[in-house]
Every structure is written in C-alpha cells, then in structure tokens.
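In the two complexes below, chain A is the common chain; its partner is chain B in one and chain C in the other.
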Partner chain A sequence: MSFALRTAALRAALLVSVAAGAMLWAHPACAFRVFVSNEKDNTITVLDGASLKILQTVAVGARPRGIVLSKDGRSLYICTSDADHIEVLDLASLTVTRTLPSNPDPEYMALSVDGKTLYVANEDNSQVSVLDVTKGEITSEIPVGVEPEGMAVSPDGRTVLCTSETTSMAHFIDTVTHQVVASVLVGTRPRFAVFTRDGARVWVSSEVAGTVAVIDTATHRIIKTIRFDLPDVPTAAIQAVGINLSEDGRTAFVDLGPANRVAVVDANDLAIEKYLLVGQRVWHGAFSPDQGTLYVANGISNDMSVIDARALEVTQSVPVGQSPWGIVVAP
Partner chain B sequence: MNAGAYWQCLSGIIRREGLRWVHQRGRFVSALVRPLVWLVIFAAGFHFVLGVSISPPYRTYIPYEVYIAPGLAGMIQLFNGMQSSLSMVYDREMGSMRTLMVSPFPRWFLLMGKLLAGVAVSIVQVYIFLAIAWFWNIRPPLTGYVAVLPALVLSGLMLGALGLVLSSFIRQLENFAGVMNFVIFPMFFTSAALYPLWRVQQASLSIYWASEINPFTHAVELIRFALYDAFNPVSALVVCAYLALFLGAAVVGYDPGRGFLARRGGGAE
Partner chain C sequence: MLIACGQGASAQIPGQDPNWPCAQRLVPVLTPGSYWAGNVPANTGWRDDDKMFPLVTDIVNRDTPDDRALAKLRQYAGGVPAAQRGMLFSALVDETNDERTLLIRRIEQLGLRQRRMGDVVADISTKVDEMPANDTHRADLAGERDFDVRAFQETQRTMRYACEAPASMERRLGAFARALQGK
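Now for the complex of A and B:
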C-alpha cells in the first residue's frame, strides 16, 4: 500500500501548505449560502457556500423559478409560477413568512433600487405587475409584448427593462410614469436582461436565436449582437438564457442552455473568450460575494456547476433538486 | 553474490532495454504516435459533444478527450508490456536469452529485472504522452503527475508480467500478431479505457462483466484516479492480485524443469 501512503503524504503536505497560505493571508472568509430554485420538485435547495453541502431543502409553492434577494439580504422573493403568487422566504428561519400577489404565472422579477417595489413579468397576460412589497399590493399593471419574461432595473432606478418572448422585444419602461418609452427588436425569444453597473448598456439574451444583444441605454440601439458558435454543437442547442456580469465590468458569463456550456465574453470588446463545459441545460447563475466563483443551475442534469471565475474553469458539479432554475447567493 | 552484483546485473538489463528503446526509432516513434492518434483522431470523431457525465474521480462534466487520456496512458503500458514479451521471444531466437539465463543469478531475479526495465521505459513514454496531451487541454492537477507514478509502476509491472507469461507461450516471433489480435485488442476494447463502465453496463451486461474482470480496466482506473489525486482501493487490490498471479505463472513458465518451455522441449533456441 505504498501508493496509499504516498498519496496520503502528498495530501497532508498539500493541506499543510494550503493552511499555512491561508494563515498568511488571514483573510476572514465570509460565510454565505447558495439558494437554488427547483421548478419540478417545488423546493429551494440551500447549500453552504464553502463546503457545497446541502444544508436544507425548503418546500415552497408550485414551480418556483425566478428568485431575487431583498436589498437587506434577509429575504428571498420566489416566483412560484404555478401557484400564481410570490412567496417571501425568511433566510434566518428558512420558512415562507409571506405571500405576495402577482397576477397569473409570474416567471421572473426585478427589485427596485430602494428595494420597495417588485416588477413582475406575468407570462400569461402580457403585462408587468408593479408590486408594493411593504403593502403587499399590486399598484399598477403595465401592458407589454406577448409573454414577458426577462426583467431588470437600471442602476439609477429610472428604467425597468422587460423582454417579451413572443414579440421578441426589449421594452424600456419609465419607473415614474410606468410607460413604455422604447421597444427594441432583438433575437427570437428574449428571456433575460441585465444592466451594466454604469447603466450605459443592457445585455439581452435570446433563447431561440441563441444570441445576446448589447443595447446602448441612451440611444436604445443595439451596439452588437453576440453570436455563439460552438463547433460540433447543433445550432438549435445553443440557447442563450442567463447572463452574469462581473462587478469589475470586464467579463460576462452567458449560459447557453442545452449546449451545456457557459460562454465567457469580454464585456468591453464583446468577443468570446472561452466556453466552459457544465451540466445539461444551464439556466441561470450567481456569483459568490468575492466574485471568485460563479454557480450555475443545470435544469436537466439536476445539478449545479461551480465555476472558478478567475481561472475560468469548472471545478465541480453538485446535485441539487429536480430541474434547478434560479440561483441566488446570500449571507 | 552481494547486493552490488545484483545491482550491476539489474542496471545492465535496464540499460539494455533503454538502449533498445532509444535505438529502435520506429518503436520509439510508434509508441508515442499511437496514443496521440487515438487522442486526436478517435476522440475527435467520437466526441461526446455535450460532455461525459460525472463519474469519480471527476468532479464535473468533462470532454471525451479528458476521459480517454488515462486509458491511452494504460494503452502505452499495455503495448509496452507486450513489446517486451516480443523482445523476450527475439532474445530467445537470437540466442542472447541463453546468455542471460545461464548467469548465476536466480531466475526470478532475472525476470524481475527484465520486467522493471520494461516498466521504466513505459513510464518515460507515459510522461512524454502526458506532456503532449497537456497541449490538448488535458490538464490534471500538478500533484496528479506525481501521484500517478506509483500507479504507473504497479500497472506497468502487472501488464509486463502478463507479457512475460505470454512470451513463455510464444514459440516464434511471427506469433506476435496473434498476441495483438487475441490479447491487446480484446483487453483494450473491453475495458474502461474508452467508455465509462456505467455506459457499458447500459449497453451490454456481459461486456460489462468482461470489463470488470479485465485486469486492464483496473490498471486504467488506478491510473485515472491517481492522476486526479484520488485512490481507487478496489482497482489497486485487483491489479496487485493479477500481478501476483502473472508473476507466479511467469516464474513457472520460464523454469526449464517444469515450465511451458520444458513441455515444448526446451524452448525455441
């Protein structure tokens, strides 16, 4: 068993050096948890961010998909699409403490900058519901294109962006007047949108077209449509959905659905740097608090892939619930 | 005889094997090109474009090239084991085997020396292959390159011992083609080298069991785990057991009094 001994000795040496390195850095690592919505088994999987062990699986309403963290980091808003409402999960007790109205089939939502308003996409009745979180009331309904889904709020809080899947448009909505001020035609079936931190651009992914449109928010013109070309992967399998922009504004990670890849895009010159192999049908992702790790939910392989966002390598994939969809990282 | 004499004999055998490997340029090149052809052409054509599912020691989805790399390292050792058996037959035909066998050292030591020489050559070949494979994005952790060494020694010894047993059966050089057909190919294809065993199990249960008892499967899995800093105790035990079995058979096979050579009337010399 000299091999076992050697491997053990090697591991021990490695462990000691890693521990010594960690002590030298003396960086207090913040503990955090990863929350994953599982749309088929109606649960939220709660994992420890460091060990990636499942801490708890919380039962919630039917078909949880879009999840958003409250501004104070204490609650998680969950679109339970088939239950036709939004549930509020208290992150301390991990229990659903409130239910908010949402109109039918809420799929995704965005929180206002002050954290008091939720803009909810109602897929079935082609509108955006404006929900006052404190009162738990819908205060306004904004008609948009058919099958709205992607929602994003600009960093200055003045614009809400909604993508409508069937109309293939990105609608810019004024948060004060609740009027659509501009609609931009993008690739077929746009599903997700995210603003850059300076608010100058918004990235919109199109699932069927398999593209990402980068739109100038001042002129409402498309700066560039990013196309993904993976040798050997059928074009139909390349379906852009979730997008995560790094805080330093340099890198974008685009989840390519059934292509089982996450594309790494240079956020400045909009060129594709690399494709990372993850699990089957990757939907959405979330960064760790230090931005060093990206977690992505794989809808068909029922797991979550962990990406080293600096080395641009997939390090691990861990099982979660059935059909994981959304991911949020929280304390 | 003292330890120095044993060492002199052993180093002589290893040096001879090393020289033979370097001088036979064709063998040198083909040993290197063979796994690379598999890696570059076969893996590209066979491509699991959407990734090979997670199975230990891998912790996430991997491209097919990454999966077959340890199997190709095993293939290098398998071919090398058989090639050294070929060289034994050659030695016997050319008469240099007699020089070795009449030396005052015990037979088991001479066979062990021959075996170690072959293993040393195969390990050098594997490391050259791994170095080239690095450029094909097959990049195990750096510690894996160290951890794989003892695994390579063990698997190399086992496959080399199998070669020794076979060489005691082979009467003439020409029969090596038979070894290719009846040993190398079946061993390689019914193993975990090309496909994960869970996939083989789904396709055919009988091939799955053939793969499970195939010593080459366990040699490959031992290498695969070690390359990713993990240890596969089942494969290690199976490889050790086969090594003991083959070594025993080789010592008997080369014993002129009772071995296969005796039955054939003293060998082919």
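Now for the complex of A and C:
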C-alpha cells in the first residue's frame, strides 16, 4: 500500500473511531457516570448513570465546588476552594493526577473551546486567572469587579463572561486581548452564566435578587429579567443560581436555592412554565447524555434530585455526600 | 491580616442585613411552601391542642434524635388524613421558626461581638504602631493585641459552626416534610 493510501486509510479509520465515540456518547443507552462535588466532606461522589448507585467516593482537596469536564472527557477539573488550587481527577483511575495553580479561593471556572485554557474566578482578589492547562501555568490575570464568580465561554470562543458578586455585573472579556469590552449591570449577587448554543444570548442568574437576566451578546443589552414568584415561599429564599439550557434550545432549568424548586422556563418567550419541588438548597445541575434527565445537587438535604426533563417531573432522590455543590455527567 | 479578619466577621452579601455574619444568605423566616407540594393549611391553634402541642415540641426539639423524631412523625401521620398531615407540618414550621429565630439572634450577637473585637484590635494596633520602639509599654500592648487576635480567631472558628446550625434545622424540617408526604 502506498504512503498516500495508507494515510487515507488511517484517516478514514480515525474518522470512524471518532464518529463511533461520538455516537456512543450520544446514545441513550451509553454507559455514563455522574460526578458530584461535596464541599463539606471534601469528596467527589461517582455514580453509575443507569442505576444511580454510588460507584466510588473520591477524596479530594479542601472544599470542592466548581467542577468542569475536559474536552476529551477523560479528566475532571475541580476547584478545591480552601486548598487554593485546581485538582485534575483522572476519570479512568479516579485518582487526582495533577494540581494546577489558580490563585486564591477558586470557586468556578470555564474551559476554552479548544480545551487548552481554563478561566478561573478568584473571589478574593477581584480577578480572572487565565490558566494554560498543558503547562500548568497562569499566563494572565484579568482585573474585573469585586468577588468574581460565574464564568462562561461563548461557543465561538471569542468571549469569556465573568460575573462579579459585589459589583453585580456581567463582564464580557475578549479572549484574545483579555480586555473587558462591556460590563452589564444585572441583579444583586450574580452567580452563574451560560451562553445559548448559537451564542446569541447569555443567561446570568442573580442569587440575592432571585432573577435571571437574559442578555443579547451583540448589543450587551438585557432582553428580559426573569423573576420568580412562588406562593408561600419567602422572597429571600428564592435564590437563582445554576442554569441548564437544553441542547434543542427550547427549555431552561433554573435552580432556585433554598426555595427548593427548579424553575422550568421556555427559552424562547422566556416565560416560566412550571416549578419542580426538589431537595433543599438546589445549586447546580447537569443533563444526561441523551438530555432526557437532569440531575441537580441539593446542598442542605445532601442529595441529588433526578428530574425527567421531558415529562418535567421529579422522579427520584439519591443521597450523595455532605453539601453537594456541582454536578458533571461524563463517560 | 486584621482587615481580612474584620471582613470575615461582618456581612459581605450586598442587599443583606449587615448584622448577619455568615456567608450563607439569611432566610429569616421559613414557610411551609418551601417544602410542600401544594397548599398547606394554616394552623394557628396547634399550641392549644392537647395532642399536637407535646408532639410538635418534642419532634422539633433539637435534643430529640432525628430517627426518633421521624418515627414519631410517621406513627402519627399513618393514622390521619392528608389534610391533617399538612396541619401538623404547618405547626412544625411554626415551632422550628421560634427556635431558629432565637438561634439567629445569638449568631447575630456573636457577629456583633466580633465586629467590636475587630475594632478593638485595630485600635490597639494603631497605638502600638505609633509608639516609639524603646517605649517600655510597647511590648505589653503588643502582647495584649496578640491575645485579642487569638480570641478573635477562636470565635471565628466557632462562628463557622454556628452558621451551619440554621441550615441543620432546615435539613431536619425538610426530612419531616418528606416523611409526612410519604417520600
């Protein structure tokens, strides 16, 4: 076989294996695991996606909160806030294989589109650290508002969004120049941000205001501020934090903290469809690979609620560790 | 270090009562609606009910172990209609709020004491810094400051646990709600 033919054959084989991998990951019956960070007992709970049985509880650094899956699905990045660094959990061996610098008190982070850069919110020193994952080095520090927290990268990779809790702003940062190009005033104590798949909008939740601002990314203007009103639930308990947008772009699930509800929002007309009663102090969530199930972490009741994302019903509660915070679904 | 300590002792959450010293946002009063699917009937007369009063106070009492409280709750709930279970939960929320409010006041007092202690430490530090190095009282004053800093840090550690207590009461209340709703 000629060199050209061999190369073509190799490329074809590679494409087939990549496609097969993608199909496996997308298939509903594909095995997957659910990873939950437990901030009080310093562990990650690993559950089997099908049975929801705990496979292993992995000890990690102090106060694990924000967790993000690497682009190849092989590693989990963990903000171990009180250890002042990021740990890399190898998902094959379930051992922490690397420690990355982060500057003090990392709480949440976002991964660049190419998977090579982590943008880390440093709550204590009002900056975003730009971390080269391969080198394990902080290459840049971007000053932002007071107490940065929520982080998100736009689908085109050109913008990173950072929320600052005390300044109550959503900062749009150019990923090339590292300059803040716009700051949008949102509700008090913004905690989390997520871009729509087309990048046209970004949703920003505010914990104290109990609202979600949906921002047009082209104009940097708020299209709508969604307010949540629950009868017989104190306003102070309605604390909007985690948001999960369905891949089809139709539905958003907003975690309302100690209101113990997940709000289901029509992502097009931005109207609230339903509230789901879940465990206590619901914080963050993640979809199953087929998008049929949403898992949410409940920080006070120490469990994970399982939501049928199509029937919009809570089907199960699964005990995990102490003060569950973040959830990631991975192969 | 002193500034950092002082910040830790005071409220940092915008839009919140500055006397609340904990990182968690304070929800001053709990309501049945946060825990219950559907309407919960109001129950204002439970303290005059000879059967419900001792049951509710015993279940909510933090000295009653969780498993015993839940067993009593299930025993009661098994023999009454759904509406009455809602009435019982309403009473449990009421009694939990009474206990929790007292706890919140104590935490706020602790926070206020810390803020005052922070001011005292800052004041002594300024005096120490302004004293000439050869002043014979300087070492005594610096020792006094160090003692106060240690006391401050000790209380700060206590505060971390104290701040967990309201959430523990909420957790217990949530377990009561799930037990009464058969979950």
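The rule is simple: the second predicted complex is superposed on the first by the 303 of 331 C-alpha atoms of A that agree within 3 Å, B and C clash if a C-alpha of one lies under 4 Å from a C-alpha of the other, contacts with A are read in each partner's own complex, and residues count from 1 in each chain.
Operating definition for what follows: a residue touches a chain if its C-beta (ideal position, glycine included) is under 8 Å from a C-beta of that chain, and two chains touch if they have at least 3 such contacts.
Fair warning: this is a prediction, and the values are worked out from it, not measured in the lab.
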(request) Identify the partner contact of A:316: answer first if only chain B is touched, second if only chain C is, both if each is, neither if none is. (result) first
(request) Quick one: classify A:232 as touching chain B (first), chain C (second), both or neither. (result) both
(request) May I ask you to decide whether A:305 touches chain B, chain C, both, or neither, giving the answer as first, second, both or neither? (result) first
(request) Based on the superposed arrangement, let me know which partner A:113 touches: chain B (first), chain C (second), both, or neither? (result) neither
(message) Applying the document's definition of touch, where does A:270 land relative to chain B and chain C: first, second, both, or neither?
(response) neither
(request) Check whether A:188 is in contact with chain B, with chain C, with both or with neither, and answer first, second, both or neither. (result) second
(request) Examine A:166 and indicate which partner it touches, taking first as chain B and second as chain C; both and neither are also allowed. (result) second
(request) Have a look at where A:280 lands relative to chain B and chain C in the superposition and call it first, second, both or neither. (result) both
(request) Once the two structures are superposed, pull the chain A residues common to the chain B and chain C interfaces. (result) 232-233, 237, 258-260, 277, 279-280, 301, 317
(message) Quick check on the complex: what are the chain A residues that touch chain C?
(response) 147, 165-166, 168, 188-189, 207-209, 230-234, 236-237, 239, 258-260, 277, 279-281, 300-302, 317
(request) Quick one: which bits of chain B touch chain A in the complex? Just the residue numbers, please. (result) 47, 49-51, 53-54, 59-63, 143, 146-147, 150-151, 154, 226, 229-231, 233, 236
(request) Provide the residue numbers of chain A that touch chain B in the complex, in ascending order. (result) 1-4, 6-7, 10-11, 14, 232-233, 237, 258-260, 277-280, 301, 303, 305-306, 314-317
(request) Could you pull out which chain C residues touch chain A in their complex? (result) 12-16, 25-37, 39-40, 167, 170-171, 174-175, 183
